[in-house]
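The same subunit A turns up in both complexes below, where it pairs with subunit B and then with subunit C.
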Partner chain A sequence: MNKVTLKICMGTTCFVMGASDLQELTDIIPEKYGDKVEVVASTCLDFCSSNTESQAPYVMVDYDVISKATVEKVIDAIDRKLKNGQK
Partner chain B sequence: MDKNNQATHLKKEILIKTIKAFLSDDFGENTRLIPFEMRPKGSEVPYRCCIYKEREILRNRIIATLGFPIEGCDERILLSNYAKWAQERQKPDEHTLTVLESACKGCVPNRIFVTDLCQGCVARPCIENCKFGAISIVNGKSQIDSSKCKNCTKCIQVCPYHAIVKIVVPCENACPVDAISKDEQGHARIDFDKCITCGKCVSACPFGAIHEKSQIIDILTKIKEQKKVVALIAPSIAGQLPCNIYQLKTALLKCGFYDVLEVAQGADITATNEAKEFAQRMNEGQKFMTTSCCAGYNNLVDKHLNEIAPFRSETKTPMYYIAQICKEKYPDAVSVFISPCVAKKSEALNNPNVDYVMNYEELGALFVAHRIELSELEETQFDVDSSREGRNFGITGGVAKSVVAADKGNAEINAHLVNGINKESIRALKGFAKKGECEFGNLIEVMCCEGGCVGGNDCLNTVRTATKAITDFTKDSKPLE
Partner chain C sequence: MFIDVDCAQEKKYNQNTYGDYFLSKRYPDSGDLIAVLSDGLGSGIKANILATMTATMLLKFVEAGADIKTACEVIMNSLPVCQVRKISYSTFSVAHCNEDGDVRIVEEGNPNFIYISDGKVQEPEFTVIDSDTFKNRHMRVYKMKLNLGDRLIFCSDGVTQAGLGNPELKLGLRRSGLIKFLLEKIRSNPEISSNELSRFAVRAALNTEPDRKAKDDTSCCVIYYRKPRRALIFTGPPYHQDKDNEYANEFFKSTAKKAICGGTTANLISRELKIPVRCNNVRSVGKLPAVSEMDGIDLVTEGILTLTKTVEYLENGFNDKEKNAAYDLMQFLLSSDCIEFMVGAKLNQAHYDPNLPIEIEIRKNIIKKMAKILENKYIKKVVLRYI
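Presenting the complex of A and B:
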């Protein structure tokens, strides 16, 4: 079984625009999904380059990009992924 | 309310756009265009009734970001003019907060309200239990006469259907000293004679209607004029951004600051002096002493709690000492205190050695506008390394610990922490002052914000992660001498 990879952007823009809450995910995810989901904190994912800081913080669930990410949105996206049997 | 909500997101977005406009080649025009850029023609209207109102509210928010009061601002004046005046201003505006009438929804006043869930039951415990005769039955349902209601909430407790609710105005409810209330039009107004600048209303308003008047343009203007602008970074910053304080120093130098000093260096002096003062006061027979480094608490004592003033330490704040050091080192410096809260803005207004204050949200926005990737920066060391204790000043209990460390077991210190100023803790402090004694300890550390400065209204990180980051970082710092 392949893992879902969760990349949380901890670049300057994402952090300032609210990624601090997303740090909770590093505790929540292993508790909730065990080793099905891997969490990595990343430096700037380069989505914020051109005037798009308004949509930060960004998170990637595999290759899907979540903008204005919140803990709820991310969990939702993971659930959908796992349920759709894509993994 | 959670720190990362849409209202703070919007405020930060505006900050970034305003700073970008300043850094561009046409500050005035690019500032004027921000509301149109954020809500272009035909875009969806996320919050308000129409796009014009959205833009008008954004325009008002930008006025506050440029450092002007929104109350009484003139609709006919272009943002480009405000941008120009902001650069010409020689001193920041007197009061630090301003209320955006057009965003303040004028929440319904605080009251007890009977909802549709009321079944008009036979028992009618609400009527039975209301000591003030405020409830009667109208059209088969309970109704409260607000002129008689004393907000005792008894009826809420007894209703078997949970049909009665308490409606709160978030800002009024958050204010520990009743300084904010509605005017005749139902808009929130701050009474600055009472306001202790704690910033709790700023965080509480779901419409983001209460703004700090930013000094960011004043600061950027001084940098542009090539003045020696020196940043004084408060200890709580260590847990606020994805970098350490050495990388932060590099980042500030890149933004044009001349030098960066750790306020923790001033905190070390505060701790040492406070320990001496404590020992002396105890020798003289006083039963307790409170700390004096929190600006919100100092405002509280000066405006509402005079009775505790004789027990408050006379020692100066870390900001005071570091600003003095800064002006001795660079007599022509423009000093900028980098702050977790709006309260420090009020302290700076009364300290001639501090020229400006920039809060953490503004600092973060500055880095975003400059496109600085913090985690990739080299480290720059400080000339003077601060102690572990000084660097922990911004965490609840940190000040008391520093005083204990500085005291070195000389006086018997038993610390009591007041972790957050609210109606309850104010009552407790009043009690200590009245009795001249505190049953929980002899050194009372008072922090206005829960968690300490890491809980300040302008912090970017959550209290929990910020506290952990600071504790991890300070582990290896040298102990206080």
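Presenting the complex of A and C:
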């Protein structure tokens, strides 16, 4: 079974717009999903500069981009992904 | 050659301020450096004012283009003499050096400086100029050519007279005692920095006092010609994207210590040179994104927030609990002599979104501010290049 990879953007815009609050995911995710989901940090994913209106912070769940990410939104996306049996 | 200069000081025991004053200024355009050490008569506030005045006037004078000898003559002739003691209000040593090793030194009243080359003390030639107005006042003028590895050590009489009057050292440490300590130290650590050697000399002087309390203001200034430690910082993507590859290669090939400040910048170098960026820490450290890693690069940090914090640390000192990326960057900068910034001029529009909870500074402005502090407060040589 492939893992779901969660990538948190640690670029400047995302960091000030709340990526620093997403850190609790590093505690929640292993507890909730065990080793099914891997959390990694990333340098700027460059989504902020491609949108006219910034939707930071950005998180990627595999190849899906979540804008204005919150802990709840990220968990929902992971749940959907696992439920759909894609993984 | 790089001129490494530093001064260590200790104030007279029970005084609340220093009676010696050290001042130095580097001129990056010409590669010149002027250093002045002045010892004010007495101690405490009065001495401090006298020494500060003398040193500041001398520096301004030489800086304005006056010949060092002329400047010193004017100061020597105009400094008043104490009515009671009949000695001058302040003494001074001034050195005007350039990167090629040409040095001109004038000293008046301070102990003769020590010139160490090849692990030995040399006694350079000098000329004596007497004061027109005061009989007992004269200055020594030196013109010298220094080589790589040479050192000049200036000190106030607090160093040479340390321990004066105690039974074992009736005449104090004296210049010969200081030389002995210095040569021993240099032998055991031939590349000792000016910062460490000046501190060592002051400590050696204090240790000569039976109670380790300074009986007079004690200062030691070291000028050391050495190979520069170079650092190169790449921050911000270049304005013309088609030049990314050229700049990335130039950066990577440099023999200097390297740092990247900026996630996008790290990404572009990673893309152009095919070196992966490793972000090992999702957690922020000390309120900043954690450092990343790249093979061949000494330090990789986030951009604006880290740079802004680093400027704060450079200005006010590091007071936070956790050693974060800005602390690492500060250490990186302070352990270098010549610092070059490659500043990418491309703006990230998202940084100027009015919805951001904090104001994000413009990269160019932060770097300019940082360069000024590094030059003025830490006497570094800084080069800014906008790309």
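The rule is simple: the second predicted complex is superposed on the first by the 83 of 87 C-alpha atoms of A that agree within 3 Å, B and C clash if a C-alpha of one lies under 4 Å from a C-alpha of the other, contacts with A are read in each partner's own complex, and residues count from 1 in each chain.
Methods note: a residue touches a chain if its C-beta (ideal position, glycine included) is under 8 Å from a C-beta of that chain, and two chains touch if they have at least 3 such contacts.
Being a predicted model, the structure only gives us computed values, none of them experimental.
S.K.: With everything superposed onto subunit A, say whether subunit B and subunit C fit together or clash.
M.R.: Clash.
S.K.: In this superposition, which partner touches a larger number of subunit A residues, subunit B or subunit C?
M.R.: Comparing touch counts on subunit A for subunit B and subunit C gives C.
S.K.: Mind working out whether A:Ser54 is in touch with subunit B, subunit C, both or neither, as first, second, both or neither?
M.R.: Both partners, subunit B and subunit C.
S.K.: Given the touch rule stated above, what does A:Val40 touch, subunit B (first), subunit C (second), both, or neither?
M.R.: In the superposition, A:Val40 contacts subunit C only.
S.K.: Would you check which partner chain A:Ile8 touches, where first means subunit B only, second means subunit C only, and both and neither mean what they say?
M.R.: Only subunit C is touched by A:Ile8; subunit B is not.
S.K.: Which of these subunit C stretches, 43-51, 97-105, 151-159 or 349-357, gets into subunit B when the structures are overlaid?
M.R.: Clashing stretch of subunit C against subunit B: 349-357.
S.K.: Identify the residues of subunit A that lie in both the subunit B contact region and the subunit C contact region.
M.R.: Touching subunit B and subunit C on subunit A: residues 10-13, 15-17, 20, 23, 43-44, 48, 53-54.
S.K.: Looking at the complex, which residues from subunit B come into contact with subunit A?
M.R.: 2-4, 8-9, 12-13, 16, 38, 241-242, 361, 364-365, 367-368, 372-376, 460-462, 465
S.K.: For the complex, which residues does subunit A have touching subunit B?
M.R.: 10-13, 15-18, 20-21, 23-24, 43-44, 48, 53-54, 68, 70
S.K.: Sort out for me which residues of subunit A touch subunit C in the complex.
M.R.: Where subunit A meets subunit C, its residues are 8, 10-13, 15-17, 20, 23, 25-26, 39-44, 46, 48-49, 51, 53-54, 56.
S.K.: Note which residues of subunit C are touching subunit A in the complex, please.
M.R.: Spelled out, the residues of subunit C in touch with subunit A are 262-264, 266-267, 277, 279-284, 287, 289-290, 292, 302-305, 348-351, 353, 355-358, 360.
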